[in-house]
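Just below sit the structures, each encoded as structure tokens.
Each of the next two complexes has subunit A plus one other chain: subunit B in the first, subunit C in the second.
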Partner chain A sequence: MTVAALPTVALGELLRSMADDEFVIGFSDSEWTGIAPLLEEDVAMSSLAQDEIGHAAALYGLLGELTGTDPDVLAYDRQPDAYRHCRLLDHGRGDWAMTIARRFLYDTADGVRLDALVDGSWTPLAELVGKLTREERYHRMHATLWLDRLARGGDESRSRLVAALITLGPDAATVFTPLPDEATLVDAGVLGAPMVDLEAQWRTAIEPTLTALGLPMPPPGRDRERGRLDHGDAFRWLWTELNTVRRAEPGVTW
Partner chain B sequence: MTPAALEPWEVFRQEKEGGPLQHGGSVMAPDAELATHYARELFGRRQESVRLWIVRRADVVDLADPDLLQPPLDRSFKKPGGYVMRDKLAAAREASGQAKPKARSR
Partner chain C sequence: MTEATLHTSIARSRAGSGLDLAALDPATVREALGEVLDPELPVVSVVDLGMVERVEVDAAGIRVELLPTFVGCPALDLIRAAVEDRLRVFDRPVEVRFGFRVPWSSDRITPDGRRKLHDAGFAPPGPVRAETTVLLQLDVPVPCPHCGSRRTVLENLFGPTQCRAIYHCTACRQPFEHFKSI
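Take a look at the complex of A and B:
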């Protein structure tokens, strides 16, 4: 397919949403560096967070090529309202249970989204997604094994996990917020199915895991159309953190 | 249920296919699944390994008995240095008509 035939605007929205998701969860999880429950987990979570920033960099790179924009400008120089990550990632780091619940909900949803892109018609994205999928499989293993351990780990860890899932639940499906003009992406073969279908696939995929552990399924989403808008104070704080160095001396090179 | 106790796991890593598995270090973990994750992060996240072996330290057979490993009597007769190969090799070369190979360049 030639680039001219691509639904470029909708493709840009897709790339921006994916890149912002990875960027924001990467920065949120990097807040565990130095304070994770044990040294080995500190290394593991920091490494996962770095993976996500790496995925964001690759996705911003594609978006930059599509729009002729410097990826660093995309990542760091927008105002908070211009980010399009999903509201699931707007809750702040929270405790370890909150982080694991968020990782489980996000990584499983991201996996379904990646599966819907890996055979897509736009080769640069399909090839990148093939690589991301290989790392995200490991991320899902990590999130699922911790979900299992917290659910079975005694009263305190279980009650914290349930509380986290109840807090995050209504926003979990915002990963599948319909994109502007997403029908053009489906028609062009870039995206395998509409987001509403992917959400249904995701619910089917996670139900056995949550049910087996006696954990609550995420309720139906609320305010579906605005799932990637209206970022709150937790993200505004994170935004001032993640671009601190960038703002300290604008335009500086390393 | 009490929190799972951490215990040490020894990690061996192979740098390339066919190479030896060498001890990389150890991780603390409550079970094999988490030990595998931590081993991956500490000894494989920079693509420095193609295979890891993760072994519960308690499962390792530890032999450090000096009577078995460092016996007091002279054991030099068990070392290969007791046999001088140089003359045998020279005789074999002569019989086959081959020249002595040059020293390998560094």
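Take a look at the complex of A and C:
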């Protein structure tokens, strides 16, 4: 068996999609700092945000080494259309049920994606993923506990949760949007399986949890080739928030 | 000053003065790192936490490989600076590198580190269990570091720093923090 050369372009797309996912969900989580429904959740969402932004920084760091670009430039200096996070994360903060539904769908999908990378042939990413996996387990615990609590918490929490899952459902599988030249990543052993296979694994993984709680499974995805493009107004607003300091004081250091 | 610490300090001043360059071995460096405390939990050192993965000493200098406890740990720069500071006494170039070659796990915390955490009122982490059913980990009771009771309840998976969760003891009615099993 011959080992294929490292597919640098596709690898860059993979890193950018993962980094942007973590960056955007991290900033979305941080919107709850100070206003979460419970003090405990104020702490939890702030801590989750810190984790995700840290993961994004590490992934931008790898992408930066690959492309010779400053990670801060990657994180902050792109126009909104150049971000490649998935559409699942483009629905705005919403209410608490929306936040929990988003976290559950994203965390479970991200877990399947990480599992497909942890034994990958590109060591820098495989090593980082080995560490990320341990941290993301706590995120899944948090999301799953809250999914259960809202589903069984009474009429209002349940109906809000169902509404959130119905809103987000069609975009949930955008985490698994096929990457440009993805086959080269699979051939090189960087990514364990094509995204379409990972999506099937993910559906099998979440089905028992959702069914046990009588919650709707995400329907088949729509417009799946463009799942990481066409960011709407919700992201444009978040973008103006997350780079406020960067734009106000270009080049500033802490 | 006891005899033992006197010897240590003589050894240090020799190393510091550059008289004994060849004799510097990794164990001496590790011993020094045992005095570098975690800025967020200043009761345990980077050695207690099992963060020191590799120490190499040669003609080029001292190279230390550390494993971050969390990828996004905001204290990494402080820890790097503290390590460089502590090793300056050896008067050689120091290179501190953070890496993920080995994923840090709370299983790496030494028995000494666990005792220090407990004495400071933190419940030390239990062994990490690799079940895919993530919720199982929550079924393991965490004994209260104040009274030893196992009648404790999880208040929050997340705490004041990334590595800590918050519990409440129903026996002595005290809150306490648990170093996450991760």
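Definition applied: the second predicted complex is superposed on the first by the 250 of 254 C-alpha atoms of A that agree within 3 Å, B and C clash if a C-alpha of one lies under 4 Å from a C-alpha of the other, contacts with A are read in each partner's own complex, and residues count from 1 in each chain.
We adopt the following convention: contacts are C-beta pairs under 8 Å (C-beta built on N, C-alpha and C of every residue); 3 or more make two chains touch, one makes a residue touch a chain.
Bear in mind the structure is a predicted one, so any value in this text is a computation, not a measurement.
*Asks:* Determine, for the superposed arrangement built on subunit A, whether subunit B and subunit C clash or fit.
*Replies:* Pair status: clash.
*Asks:* Looking at A:224, would you say it contacts subunit B, subunit C, both, or neither? Reply first, second, both or neither.
*Replies:* In the superposition, A:224 contacts neither subunit B nor subunit C.
*Asks:* Of the partners subunit B and subunit C, which touch A:78 in the superposed model: first, second, both, neither?
*Replies:* neither
*Asks:* Who does A:141 touch here: subunit B (first), subunit C (second), both, or neither?
*Replies:* In the superposition, A:141 contacts both subunit B and subunit C.
*Asks:* Per the contact definition in the header, classify A:128: touching subunit B only (first), subunit C only (second), both, or neither.
*Replies:* second
*Asks:* Classify the contacts of A:53 with the two partner chains as first (subunit B alone), second (subunit C alone), both, or neither.
*Replies:* The second partner, subunit C, only.
*Asks:* By the touch definition at the top of the document, which applies to A:40: first (subunit B), second (subunit C), both, or neither?
*Replies:* Touch partners of A:40: subunit B and subunit C.
*Asks:* Looking at subunit A, does subunit C or subunit B touch more of its residues?
*Replies:* C
*Asks:* Need the overlap of the two footprints on subunit A, from subunit B and from subunit C, as residue ranges.
*Replies:* 40, 43-44, 47, 138, 141-142, 145
*Asks:* Along subunit C, where are the residues that touch subunit A in the complex?
*Replies:* Going by the criterion above, the answer is residues 68, 70-74, 99-101, 103-105, 128, 134-135, 137-138, 155-160, 162, 166, 180, 182.
*Asks:* What does subunit A use to touch subunit C in their complex?
*Replies:* On the subunit A side, the touching residues are 40, 43-44, 46-48, 50-55, 57-58, 127-128, 130-135, 137-138, 140-142, 144-145.
*Asks:* Write out the stretch or stretches of subunit B touching subunit A in their complex.
*Replies:* Per the stated touch rule, the residues are 1-4, 6, 27-29, 33-34, 37-38, 40-42, 45.
*Asks:* Residue numbers of subunit A touching subunit B in their complex, please.
*Replies:* That would be residues 38-41, 43-44, 47, 138, 141-142, 145, 149, 152-154 of subunit A.
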